[in-house]
Amino acid sequence: MTSALRIEDLTIRTADRILVSGFSATVGRGEPLTLLGESGSGKSLVAQAIMGTLPPGLLASGRILFDGADLLCLDEVARRSLWGRRIGLLPQEPWTALDPTMRAGGQLAEVHRYVHGRHDADGLAAAGLGEVGLADAGGHYPFQMSGGMCQRLALAIAHAADTPLLLADEPSKGLDGVLRADVVARLQREIAAGRLLLTITHDVALARVLGGTACVMLDGQAVEAGPTVRLLNAPAHSYTRALIDADPSAWPPRTPREPGPSVIEAMGLAKAFGRRRLFTDLDVQVRAGEIVAVVGPSGSGKTTLGNILVGTERPDRGRVRRVPGAAPLGFQKLYQDPPAAFVPHQTMGRALDHLARRHGVDRERVEELLARLKLAPGLRKQRPGELSGGELQRFALARVLLLDPVFLFADEATSRLDPVNQMEVAGLLRESSEQDGLAILFVTHDTVMAERIADRSITLQQ
Amino acid sequence: MTRLLLGRLVQAALVALVVGGLCFALVRVLPGDAAFRIAADRYGPDALTAQAAEAVRQELGLDRPWPELLLRWFGELAQGHLGNSLVSGEPVSEELASQLGPSLWLAASALVLSLLIGLPLGLVSGLRAGSGLDRLALIGAVALRALPPFVLGLVLMLVFSIRLEWLPPAGYGTWREMALPSLTLALGLAAVSSRVARDAVAAVGATTYYRFARLKGLPERAVLVRHGLRNAAIPVITYLGLQAVYLIEGVVVVESLFAYPGIGHALVHAVIARDVPMVQGAALVMGLMFVLLNLGVDLLCRLLDPRLGAGR
Amino acid sequence: MMLQMQDLAGTTPPRSDPWPISRRIGLGLLALLAAFALLGPVLVTADPARQDLSASLAPIGSDFLLGADHYGRSMLARLAYGARLSFGMALLTMLSAAAPGLLLGVLAAWRGGVTERALVALSDIVLALPGLLLVLLLLAFAPGHFLPLYLGLSLSLWVEFFRVARTTTARLLVEPRIEASRLLGFGTFYILRHQVLPEIAPLLLTLASFAMGTAILAISTLSAISVGLQPPTPELGSMIVELLPYYDEAPLTVLMPGILIFLLVLGLQLTARGGTVR
C-alpha cells in the first residue's frame, strides 16, 4: 500500500500566464489534506494535475510522486490505468456526473465488473448500495433521486473502486445540513480505512471536521499550510483569517433590537404544485428593520413563499396585506443567480441610467449608493458577464435600494458567492435593515447563516 | 403513454381535416360547371351529354347547399369512402392499395440506407470532432443539403443509368429499379442524420458523466458502449421525427422523377389532372404515413430515454 | 418543408461570434449571385424569350456568353431571370411568413392562456402535413400558377418563425431578469424593446436564410415535377427538365440551372449557419 502522495514545486502555466506557482504538499495515511480557497484560486488545477486531466494548453512542471512514480511524467495510457484502480474521484455535484439514462445499480456494478473484473458484480453493487442506505434505489435513474442520494451513490462508487488515493471535489457543494454531515462521516470512514484523501473545498467548516492538514490557496499560491486545527485556530495570513471570518459560524451574532411597525403580513397561506403540498395555513409577518430567515430543505417552498410576498406568485389560499401607503414598487427581490437577473447585453451604467430615468432619481443619489456599496465607477462600463457574482449582487442591491423599498425578499442571494463576497453581501443587507429600516425575508438552506443574520427564523418542512 | 397516442391521433384527425377540407373547397371552386367538366374528364369531350353531366351531378350530389355537402363529404371520409378516380373511374382505395406497397418499400429502404450511411459516419466524425474526416463529412453534408433532391436524382440517373448503364432510370419490380430512387432519398437523409449523430456524439463526449465514466476507470470501449451510444442515440432518434418531413416530401418528388408507381407519383399526377378524389386519397395516405412515422419515433424515444417514460 | 428539418442539425452549439467564416462566405456568394441576376441581363442585353432556332444549343462562348438552349434562347439571360425569379419569390414568401410568424410567436408566449393555445393549435394544423403536401394541395386549385405556390409556401413557412419566436420568448419570460424588470417598474414595451427583441434579432438572419432556401428548393422542385411554374417562364427547375432530353448534345447547358440552384441554396445555408436556433 502506498504511504503518501507528495507534490513538489508544482507549477501550472499557460503560454503567457502562471496559474499555480511552486505548490508543494503531502497527503499521508490518516493525514488527509484539504485545499481551501475560492474559485479561481488554483485548487482545482492541482487536483486536475494529479488526475492527469489538465485542459489542453496548460503546462505543469515540478513533481507529483505517487506509487513510486512521477505522475506528471506518465503517458496517456499509464495515466488512464491509474484511474479507478490507484486514484479515485468523488466528483462535485454528482448529479451531473451520473449517466442520466442508466440505473443506479448499473453505474455502481460496472466499477466492479469492468474496472476490477470481479465476479458477482451485481451482488457487490447491491451490497454497496445497502451500505450507503440506497438498498431500494438500485433500479432508480438519477432523475428519480435527490441530490443527497446522488451524493451517496457517488460515494458508493468511490468506495467500490477502493483506490489508495481519493480526490474529493467540493463534496459539500449544494448539500444542506444533514446531508453534509453524512458526507463528512463517510469521508472520515475512508480515512480510517487507510485511504489517502485529498479534498478541495471553499468550506472552512468541512476542513475543520476532516482534520489532517490544510492548505489555503490564493491566486495560485499556497499562502498558508499546516495542521488544520492549528491553522484554523491561529491563522497567520490575513487571507486565511478573512476566509475563516467569512464562514457563517464565525459571523458576529445579530444584536437584538426593537423592530418597527409591521410592513407585510400574510395569513393562512397555502400553496401546492399538483399533488405536492408546500405549506398550508402559514402565517408570516415581517416588520421594518427586521430580518426574518426562512430555512428548510430544498423543495419545501421557501422561494415560493417569498414570491407570494412580493407578488410574483399567487397563493392557493390565504392573503397578503401590505402596509398601507407603501409604494407598489416598495416590495423588491434579490435573486439567487446574479447574472440571470441582469440583461446580458446591457452595461451596468446603462441599466442604472434607464432605471434612474424611469423613476426620476437624480445622478448624485446613484453615485452615492454605488459608493456606499463599494462599487467602483469603472464597473459601470462592464456587462453582467464581465463582473463577479459578488459585484453583480451588489449592483442588484443598488438598483433595488434606488427605489426606497420597505421590504426585500433575498432568495438564497448569497449562496452562489465565494465566502468573502457572501459575508460582504450579507453585511450590506444587515446594514440596510439597520440604517434604512428595510424589512428583509432571507431565504437560505444554511441554518447556521440563518441563525447569525436573522432576528428570527421560519422553518418549512418537506 | 395515452397522452402520446392521443396526440398523434389528434394529428391524424388534423391531416384528414386539412386534406378533406381543401379537397372539398377544390371541388367547389373549379371553374365552370363541375359536373360538365368532370363528365368531360371521364368520358371524353366527344361523349359529353347533358345526361352524363346530370349523372355526375347526382353521383357527387353537387346540387345541395355547401354546408350540407361539407358534412356529407367528411361523413364519407370518416367511413373510409374515398370515391372513384375521375381519370380512370376505378375506386381510389383500390388504386392506392396497389401503390402503397411500392411507396412503403421506397421509404423503408431509403430510411435504412440513410442510417447505414449516416450513423457510422456521424459516430466516427463525432469521436474525432475537428479532424480532417469530420471536416470532409461536413463539407459533403452541406453540399448535399444545398442540392434539391430532383437534381441529385437526375445526377445519379445520368451517371448510373445513362453513362454507366448499370441501373434502369425508371420503373418498378426488382431492387435494380429501386436502387436509384432509394439512394437519392438516402443521401439527402444521411446528409442530415450524419451531422445530427456527429453533434450528439460530440456533445455526449463533452458531458460530465461521460468524463466521469472514464475517470471511474472503465475501458474506453465500455465508456462508449455503456454511456455514449444510448445517450447519443436519443437526439438522433428525436431528429428522425423531423426527417420524416423530408422522407415524405422526398418520396413524392423522387417517385415523380423516376416514374416510380407509388402514391407520391399518383398524387402529382392527380394534382395536374385535378382528379380530386385521387388527390384526396393520396394526400391522406401520405399524411397518415407521416403521422405513423412520428408515432414510431415517439415510441423509440421513450424506449431509450427513461426520463420521458416517467410521467411528471 | 425540405429545409426546416435541417435547420437544427445545421446549427452547432451556441457560438459567441455572430459572423463566423461560413456566414461571411455565404453572404459573399449571395452578393455575387445577386450581381449576376441583376446586372447580367443589363450588360449583355438579351431577351430570355427571344428564340433563334439557328442557334439551338449553341455552345458556351459562342455568340452567347453562356450558350443557348434548344430554342436558341440566351442561357445567360434565362439563368439571370431564373435566379431573379427564384430569389424574388423566396424573398417575398419569406417576408410574408416572417412578419406574422414573429408577431404571433411573441404574442403567444407573452399572453399565454387561450391566445397561446389557439395559435399553437393553428400551427399544429399546418404542421400535421409535410409542407410540400400542403403546397401541392393548394396547387391543385391552379396548377402552374404563382398565387397558390406563394400562399402555400408562406403558409407552411410562417410556423418556423412562430415556433422559434414563441419558444425564445417563453424561455426569456421565465428568466429572473424579466421578473426583476417588472418588479423594478419597467413596462411591457420596455421589456419587449430591450430584453425580448435583442434576443430574437440575431436568430432572424438564420431563420430568414433557411426559409428562403426552403422556398427556392420547393419552387424549383415543384416546377421540375410540372406542378409549379410552367415553361416558357425561365424557372430554374423547369429549365432543367426542359433541357434534359438534350443532355447528350449539351451536358453543361443542362447542368447550369442545377448549379445555379445549388449555389443559391448553398449561399443561404452558409449564411444561416452562424446563428443558433433552438
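By written order: A, B and C. Residues from 1 in each chain.
Here, contacts are C-beta pairs under 8 Å (C-beta built on N, C-alpha and C of every residue); 3 or more make two chains touch, one makes a residue touch a chain.
Computed from a predicted structure; not experimentally measured.
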item	value
Dominant interface by contact count, named by its two chains	B-C
Farthest chain (mean CA position) relative to subunit B	A
Intercentroid distance (Cα basis), subunit C paired with subunit B, Å	21
Distance from subunit B to subunit A - Cα centre to Cα centre, in angstrom	51
Centroid spacing, where centroids are CA-atom means, of subunit A and subunit C in whole angstrom	49
Residues of subunit A defined as touching subunit C within the complex	310, 312, 329, 331-333, 335, 337, 340-343, 345-346, 354-355, 358-359, 396, 399-400, 403
Subunit B contact footprint on subunit C (complex, rising order)	1-6, 8-10, 12-13, 124-125, 128-134, 136-141, 143, 213, 217, 220-221, 224-227, 237, 240, 244, 247, 251, 258, 261-263, 265-266, 269-270
Contact footprint of subunit A on subunit C as seen in their complex	175-177, 179-186, 190, 194-195, 198
Complex contact set, residues of subunit B against subunit A	208-209, 211-219, 222, 226-227, 230-231, 234, 304-307, 310
Subunit B residues within the subunit C interface of the complex	10-11, 14-15, 17-19, 22-23, 25-26, 29, 142-143, 145-151, 154-155, 158, 162, 192, 195-196, 199, 203, 239, 242-246, 248-250, 252-253, 256-257, 267-268, 270-272, 274, 276, 279, 283, 286-287, 290-291
